[in-house]
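Questions regarding the structure given below will be posed in turn.
Per-chain numbering from 1; labels A, B, C and D assigned in written order.
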Amino acid sequence: MNPLDQTKTIGSRLSDQASERTESLLSRYQEVRSFTEVLCQPLTTEDYVVQSMPDASPTKWHLAHTSWFFETFVLAAAVPDYQPPDPMYRYLFNSYYVGAGERHCRPKRGLLSRPTVAEIYQYRAHVDGHMMALLEQLAASPCAQLASVVTLGIHHEQQHQELLLTDIKHVFSVNPLRPAYAVPCDPQVDSNATSTLGWRPYPEGLAWIGHAGEGFAFDNEGPAHRVWVEPFQLATRLVTVGEYLAFIEDGGYVRPDLWLSEGWATVQAQGWQAPLYWEQVDRNWWMMTLSGRRPIEAKEPVCHVSYYEADAYARWAGARLPTETEWEIASAGATLAGNFVEHQAWHPIPVESAASPSALHQLFGDVWEWTQSPYTAYPGYRPIAGALGEYNGKFMCNQFVLRGGSCATSQTHIRPTYRNFFPAFARWQFTGMRLAKDI
Amino acid sequence: MNPLDQTKTIGSRLSDQASERTESLLSRYQEVRSFTEVLCQPLTTEDYVVQSMPDASPTKWHLAHTSWFFETFVLAAAVPDYQPPDPMYRYLFNSYYVGAGERHCRPKRGLLSRPTVAEIYQYRAHVDGHMMALLEQLAASPCAQLASVVTLGIHHEQQHQELLLTDIKHVFSVNPLRPAYAVPCDPQVDSNATSTLGWRPYPEGLAWIGHAGEGFAFDNEGPAHRVWVEPFQLATRLVTVGEYLAFIEDGGYVRPDLWLSEGWATVQAQGWQAPLYWEQVDRNWWMMTLSGRRPIEAKEPVCHVSYYEADAYARWAGARLPTETEWEIASAGATLAGNFVEHQAWHPIPVESAASPSALHQLFGDVWEWTQSPYTAYPGYRPIAGALGEYNGKFMCNQFVLRGGSCATSQTHIRPTYRNFFPAFARWQFTGMRLAKDI
Amino acid sequence: MNPLDQTKTIGSRLSDQASERTESLLSRYQEVRSFTEVLCQPLTTEDYVVQSMPDASPTKWHLAHTSWFFETFVLAAAVPDYQPPDPMYRYLFNSYYVGAGERHCRPKRGLLSRPTVAEIYQYRAHVDGHMMALLEQLAASPCAQLASVVTLGIHHEQQHQELLLTDIKHVFSVNPLRPAYAVPCDPQVDSNATSTLGWRPYPEGLAWIGHAGEGFAFDNEGPAHRVWVEPFQLATRLVTVGEYLAFIEDGGYVRPDLWLSEGWATVQAQGWQAPLYWEQVDRNWWMMTLSGRRPIEAKEPVCHVSYYEADAYARWAGARLPTETEWEIASAGATLAGNFVEHQAWHPIPVESAASPSALHQLFGDVWEWTQSPYTAYPGYRPIAGALGEYNGKFMCNQFVLRGGSCATSQTHIRPTYRNFFPAFARWQFTGMRLAKDI
Amino acid sequence: MNPLDQTKTIGSRLSDQASERTESLLSRYQEVRSFTEVLCQPLTTEDYVVQSMPDASPTKWHLAHTSWFFETFVLAAAVPDYQPPDPMYRYLFNSYYVGAGERHCRPKRGLLSRPTVAEIYQYRAHVDGHMMALLEQLAASPCAQLASVVTLGIHHEQQHQELLLTDIKHVFSVNPLRPAYAVPCDPQVDSNATSTLGWRPYPEGLAWIGHAGEGFAFDNEGPAHRVWVEPFQLATRLVTVGEYLAFIEDGGYVRPDLWLSEGWATVQAQGWQAPLYWEQVDRNWWMMTLSGRRPIEAKEPVCHVSYYEADAYARWAGARLPTETEWEIASAGATLAGNFVEHQAWHPIPVESAASPSALHQLFGDVWEWTQSPYTAYPGYRPIAGALGEYNGKFMCNQFVLRGGSCATSQTHIRPTYRNFFPAFARWQFTGMRLAKDI
């Protein structure tokens, strides 16, 4: 296997996609469904099977579940007599939708050798066949309700594309052979890359926050509403590996006074001494990446840190994490560009050395930015009716909001109002941070 | 043992206290310290020893820890050559102040038969002797810094008085003999008590929230700051046992669609079917109280519910929990009166039948009201310097704010800006809820 | 996939083996190594990867570990400059030989997607190439020590063949699709098969027990020694499914008085209601077999019972389990024949209806028979020196001896003195029982 | 509290008992019941309450349970209309007798502050009153069946006397204050005490083992039966602290090759580095005893070792543990004398320096000696009918036999055929070892 060749293949497919971008739902469906399979090209059959921890899922489960989603919420509703290839699939590939029936136990997804990978690709083809027929019908006689569920399914699949990458990274990380998923598309990083940490000020005031306009958004992004904000300033770039290393070397992981109580308990219980995927070999720090194990790079954004670590670092640095409101205010007017999955770097990258020191960098892509905001309902929030109402609302407890997308997110998937959320201890996503301060 | 006699004793002591209320720190110190011991009068020596779950502490630990607090943060700082009766006490009775040194493991507090109860009372007397001397000095030559730590220690002791009661209730509840702590002072509840559930509306606007004025407040109550609030309405009284029973009988505990995902997982894992301390005997519901086991009372406020249950009930009732901001707005101008520990009811009580249906009732006392607000730092929050900075700040993660105090809280301890906080699963405090709605 | 076709292939290979049986070590090596791969023919690539519980291993781990055994204990010792294909294999495929270095954590064997199945077959070929060369040399210039380790490795591989089957059965059993491994070679079971339960008496006396003669035996089978035995009688056949069902229907799993204290605690904690792999569907009992799920068969020997269940059944039946000494006495002079893996029934089978009621049946093959004997060292036992001494000796604690082999054991692997051992709670092997009584 | 004074009191009571020994059941009952209370004299009320681990019980539970035993198996059967002081006591103080009804969960015995210690002493008095009346009747009109259950209850109480001491030692050991139970009666140990380790040989042969004669024995001590024994030799004294220290210093706890597989896993999981109750202070070893913490003494028998440690030590020493048969053969004709609880040393003591090097020492008392014999039924064993059949039989699984009694055992309680049993990991009893060897 030569991952480089494979990623070249991925690359050409992607640029094709970019050039051919169309607004038709059918095209979007095909592009996104196809991209999921493109992402699987570097994998062996064995790689599809493994579940390395309860929070992660096997690749083949992601492939099946995203098909189940269209089957359950679109085909079963809109196509009379629709039948899945195997009635047991309804059970096996439901994730957490209690309203959609009983389901297989999440931590046991990795115990299923069957259906095989080939059978799951057949399942995808089965669903795609029916979906394509339906979407052609839909083009002829539009139905806003159906279109909105299909659009939701497309965004849902993009979320699982990101999970597929972070989950397979975890699978490879627990293997002493430390296999690589793919080499970065453009491995030449500007070795002089650097960027002074600047601060951008924002005044106090009443801000409108949340999704209000055209286009798709998840239910948890609305309704738009007003929030009063005190004056604040935001760092112009993400915290880097080099800066985080200084925190470690200053005793970051052995000083309880820097940590939330729960964070410190987690550090002790888990034996954390560095971000996830870092290991010390002969006193040097190495890290596992989707391209295998390599030395850490000081100028890259730090990633795979928990909320606890982000919060402790900020305290050590004399700053704090931004609120999600502050982040969203800062993102107003920013270009939706950055190091996304289409870039095939498979990892966050440094700010270019020529970048303006006063502009905001890395707002989108690279790493999801932890905010200090617990994930709660916006005032007036109402979940979608039915089982799809379980998509977001029932998780509004003991999680924190992250903003901006990562190097594993599709550019077409992210928005300034997008609210990602994970528990404070989660580290296996591409999660990092940007500092904020009161003025 | 005749608990009634004992509670009579408690009663007279309390009314004495009320009449003699003074502003002198020394008097306050004596009153509060003495009240802790008054609360222990109904206990046998054996009762002081038991720790019935990791979150609760033995009575004798509360007695010692509150003394340790004065010793560590006042005497050790202000009294040259101060020595504790046993140097090991520093270790045994530190709760969670990492900055104050190593400490005994919390879940093992119930494994210590020594020091004996008598020795712990001697420890209290030792600390009180030194404190009294110091406070007399302090009266002569005031020191604001020292006075503020003493005041904090007094409020700290009042917090532990409430915990002492809720912890001993738990101890008695796990005992098949279901012992009683004390009979209610005035057991005649108005059996016609009832109160229509009314709703009070509040307009949108920018509100000042948090503690700003004179008098004591914990650091987490400030700084005062502005919050924008959408229009809302608040229920005029607490949710009652009868209303909650309707939720149970409508399948409240078997319908996952009513619950947060974490809440449902907890219901399943713990086998919850009702609030803590309820048990079904021959199809009738009984409950454990500080006065022993008795049938539930429909008109009383429901208590010993978790955040998960409060949230599920509100969803079922077509309402929601208030935010802490909404609660604080509503409390503006309310009289600080209610069913507090001094009332010796040892349990929440119904609204009187003659009460005005449009006024807000039970805002203070009876039960702590769960809000939908995660416990976070107010904008500009800075913890106290030193080990005392661990008092509140390090717990600002994965907890929810509760407001208003309970039947186990001292009237002199509560304020409109007071922010209590517990994890979403906690049920052993006197916790209940008041509904809110959008307008 | 048509399992029937595949098992036909297995069948012809096996009969070839039987006819060509040779005493040469090289031939034995080739036969056994090849048979391991024959057993894998019905599997998909995905099936090789999964580890369904900590006690079981993925198929590909078995394939690799048996090769590692020859590599570590033969090639590394006898072949100068021998190198494994990847130095990490030493770590990945060591099971429990502390003397052979660090090793990968057992419960995490199923987290390794790499090396792939193809790479592991290459590993086997690599080892086989070196072994074949060495065994040809050895034929020319014999070395007893080396030959004995090779022979041990061959028997070791046969043990893993049995585990491979029981482990894949477990993998398939936890999959809601209930996949089949292979159809039985001769699925026509004599439906009139039956056999009255007879009892054979044995007198008291001093018996010689343990392996003493020619031929291979594990170290734990010796030294031969004398044991005094009181008079006893032994059932002429295994306990059947029908008999065990009567135990269940008589409240076997709800009557604590029938159970060892540990057994009852296990029944309660695990919710056991029947042997492993039984499930009730609409009040009928079905069972998972290597040929998929099917109704239970009353006349078959019961299998997949723990020691606890075997012991409780015996108590209920007014009998007891035999000691291993009693079993070995009874096996003296018995023909080493039975339902072994070569028969390809993949499951225990009933005694033929024409069988003599007074003869001992099913002594070998079908199911491993639990004895009441804890697995201990025979008097004078000395483990082999070096890491191979860990093979048996270090497990002589809290396990029970089983005798006679099963339908998943090779005929060439079993002996009357063979001592298998498992903890009292183990159920995933083909384990059943024969009753005994005092006279 | 002056423990010395208290133990003097204990001493005089004990010598009184010795001089007044009588064969009457009533006297025996009174002596033993009274001795239980004598053993409690050094305790504070708080000490009675604590349960420091699931395997141990609070003192007050022991006091109540032994009374419950007489109540349930004697009074309820023989005294019409007998009523316990509280019907709930039947539930609270049943240990593991399923046949005697539902019972309180073992690990929660320490959560019960009520009944108080005083109430439990009243309970004892209540039972004693009824028992005394019954025993007087019984003296007049003998009933063998009833007498045998009373005798069993007396021996049962003596077993709990030993547990009471080992359990309170554990309670004190987990308390950082390290309280002492009592000072040794004769603290002057012969500091020149020493004893060469000799070996006594025994020939092969058929031996009669088990209880056959007059007098009380537990059901598990019979029936007497023949066992063939190979020639062996037995160490003339117990393994000492000094010898065990040499094992530690030779890497005993870091060399997996010395351990059973389960033993090594336990060492790793529990972090064992020495026997229970040893702690290293500034590179010196100290140990917790019933008389508080003090330096270890090289010449004392080592105690508080698990079976795993005893087995590993024996392997390191080039020896093995004896079988229970070997131990019983050696005990034939030995005087039933030694360091028992009546001696009030509260700890094992060295062999006197003047002792004969060829005689067997310390066979009885000092420490229970681990044998290599799993605890199994003797041939022909039948448990007592009814709930009392649960006394011994249901524990015959995954435990090892210990012989000879300890410094916490009553002299009147032990016999050469006595079979004590504990799981391999248990360490909180006074357990040690004597070595054996093949000849």
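Throughout what follows, contacts are C-beta pairs under 8 Å (C-beta built on N, C-alpha and C of every residue); 3 or more make two chains touch, one makes a residue touch a chain.
Everything numeric in this text was worked out from a predicted model, so none of it was measured.
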Query: In how few steps can one go from subunit A to subunit D if every step must land on a touching chain?
result: 2
- request: Find the chain most remote from subunit B, comparing centres computed as mean CA coordinates.
  value: C
Field: Chain centre separation (subunit A, subunit C; CA means) in Å
entry: 47
Field: Separation of mean Cα positions, subunit C and subunit B [Å, integer]
entry: 61
- prompt: subunit A to subunit B: how many Å between their CA centres?
  reply: 40
- prompt: Which residue numbers or ranges of subunit A touch two or more of the other chains?
  reply: none
- request: Could you classify the connectivity of these chains, where an edge means two chains touch, as line, ring, star, complete or other?
  value: ring
- prompt: Every touching chain pair, please?
  reply: A-B, A-C, B-D, C-D
Statement: In the complex, subunit D touches subunit C at residues 96, 98-99, 206, 225-228, 230, 256-257, 259-264, 307-308, 311, 372-374, 376-377, 379-380, 390, 394-398, 424, 438
Statement: Listed in rising order, subunit B residues that touch subunit D in their complex are 44-50, 52, 60, 86, 88, 91-92, 104, 108, 110-117, 171-172, 174-177, 179
